[in-house]
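We call the chains A, B and C, going by the order they appear; numbering starts again at 1 in every chain.
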Amino acid sequence: MPTRIPLLSVQSLRKSYGNLRVLDDISFTVAPGETVCLLGPSGSGKSTLLRCINWLERPDSGRILIDSQPIGVTSGGVVMNDQQLAQVRTRIGMVFQQLALWPHLTVLQNVMEAPVHVQRRPRDDVRAEAEALLTRVGLFDKRDVFPARLSGGQKQRVGIARALAMKPALMLFDEPTSALDPELVGEVLAVMRDLAAEGMTMLVVTHEMAFAREAAHRVVFMDHGVVVETGSPEAFFNAPSTERGRQFLQRFSNGRAALAA
Amino acid sequence: MMRDFATVWSERGLLFSGLGNTVLLSVLAGVAALLLGALLSMLLMSPKRMLLLPAKALVDLARCTPFLLFAYIVYYGLPSLGLQFDAWSAGLFALTAYHAAYMAEILRAAWAAQPRAPIEAGVAFGYSGLGLFRRIVLPPLALSSAPVLGNQLIQIIKDSAFLTIITLPELTHAVSSIQSRHFIPFAAFLTAVLLYWALCLVVEAGVAAVGRLAEARR
Amino acid sequence: MTHADVLSIFSGALTTLLLSIAGIALGLPFGLGLALARWAKVPLLNPVVAVYVSLLRATPLITLVLLIFFALPTAGVSVGPVTAGLIALVLNTAAFNCEVWRAALLDLPRDQIEAAQSVGMGRVLRFRRIVLPQVWRTALPGLINEMSQLVKLTPVLAVVGVVDITRAAVRIGAQTYEPLPPFLVALAIYIPIVYALVSVQRWVERRTVQREATA
């Protein structure tokens, strides 16, 4: 990767819940167009880290810069208010584990909602883009259906379209397929793979190792709130350089073997 | 019998004025109780004990108090403390204050039952403040709490009949007056019963309509 | 307020208590009967009960009491205030109880009844040994809620002249020109009674949750 100004810069992030250190001096960057997968066992702090990036959770200390602009605390050191946070958040797209579609709106309305009401873009333009996005994720024919009538995989594809409609600089994925039935996972990962290939800057927390292997430019392995290893997928999956990384992959492949047996 | 109903019909001016008062009183009290109840429910959800405990005590107190007694106290009792109400104000105040407590509990429970994820998504997408409330929080909350709120409105309509004892000229007061002057108790009170029933059916139809909206989205 | 005044309020309280108990005691089986008529879809009764329940749930108790108290005598049946009040209370509470029982009955899984049928149980036996023992538990919170509502409605009886708490308080207030103290005493009697019922209801609901959690 040629050196460029990073799109996302996380600097010395720390967060504790009482005595529990959830994030322990985390620093890393994501370059524009990079797809980075955050891997690690449950409780390693991956989701917390992701949610700190758009300030859904507040870190205790550290800095986060999106395109060189801070989030959460202004450059002057003042904590941002709701409106300032809202401003920055429109540049970050998020896809949730619990899907989180708005139940009172149809699929198309879900995708159009924030661009029209938060970004205040003209409705007709947004509609055209929304329909294009739904076509791209394969759900154009469901545009007038309410989310309750969709399968988990369909809902999550709408969730991705909804996030993309905001034209974000950075996409965050918080275990997007963990809550889905196994047979529905593939359709969501396919959309994410295409997105990565098209050059979207993505930070993905996931347990889907095959996806990380194929679609990520870099993987970051976390354990107990610390970045243990980072590197290319080939490097990490074939020859992890740390003992903890080895153990994690061991457990994972044992689990797979047990399932296959 | 038919003659009795004809007599009632001849007094339709008084009858409809009573009905009008009942409807007006119920709608005003309903809206006011809902707004007041919404504010009160925020206290019920407050993490600060200093706000939560008095609010909870107030709501529990209202739940254990007979409305008729409360109306008596507001109209006949408060003047001795220097607070004089006329019948209309006393009635409206009593209905509103009493039912605000019930509304608060209803709204608190409805809010607690709402899934948090879609609201968090709203925050993540850049909604905040009034916009978040109006477009993301309120619609699903309104759809889910409509049946219970409708029930509460029916309660308000029925409680408004108690206000006849403080000489408020609502529906029951009107038919009492008609029956006492013409000695047609059955026709007069039956008319009132049928009119209350009609009001109730209107509210239930409204709730059913909202229910269909909710069902499509469920 | 004199000593005698407080005494008369308490005597009124006794009347209130007795009427409440009578109303509840009569309303429970009556409500169950109505619910069964609807649940078993008894041909003529089913729609009649449906209309009755809808009507009675929409009618304010005060209007109903006035109707019964003033209209029955014109049909030749002379009723005193206590009787009229009791009839109104029972008619009213039975309608609400009916809905509580009905919800509980509908909640009973069909296979419970089918299992009883398959071992040859007749209707009455089925009801007595299979349906009722399960259904009363489901219905209990709603029934207790209705009891507390009934107690809160008893002041209505004062309007037709029953000398209950409310009427005693009103009379004292009119005599002493200080209406507030007797009303507050009346309130102080009602609130603990209703609060006790509400607490019992909450306790039953908690117990039900516990039982279902361990089931």
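As a working rule, a contact is a pair of C-beta atoms (placed from the backbone, for glycine too) under 8 Å apart; a residue touches a chain by one contact, two chains touch by 3 or more.
What you see is a predicted model; the values in this text were computed from it and never measured.
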Chain-level touch network, classified as line, ring, star, complete or other: line
Leader among chain pairs (count of C-beta contacts): B-C
Centre-to-centre distance between subunit C and subunit B (centres being mean Cα positions), rounded to whole Å: 22
Computed distance of Cα centres, subunit C from subunit A, in Å: 57
CA centroid of subunit A to CA centroid of subunit B, Å: 46
Residue ranges of subunit A in contact with subunit B within the complex: 54, 56, 82-83, 85-87, 89-90, 92, 94, 96, 98-104, 113-114, 117-119, 146-148, 162-163, 166
Contacting residues of subunit B [partner subunit A, same complex]: 115, 117-118, 120-129, 131, 135-136, 139-140, 143, 216-218
Residues of subunit B touching subunit C in the complex: 60-61, 63-69, 72-73, 76-78, 80-81, 154, 157-162, 164-165, 171-172, 175-176, 179, 183, 185-186, 189-190, 192-193, 196-197, 199-201
Subunit C residues within the subunit B interface of the complex: 54-55, 57-64, 66-67, 70-71, 74-75, 148, 151-156, 158-159, 166, 169-170, 173, 178-180, 183-184, 186-187, 190-191, 194-195, 198
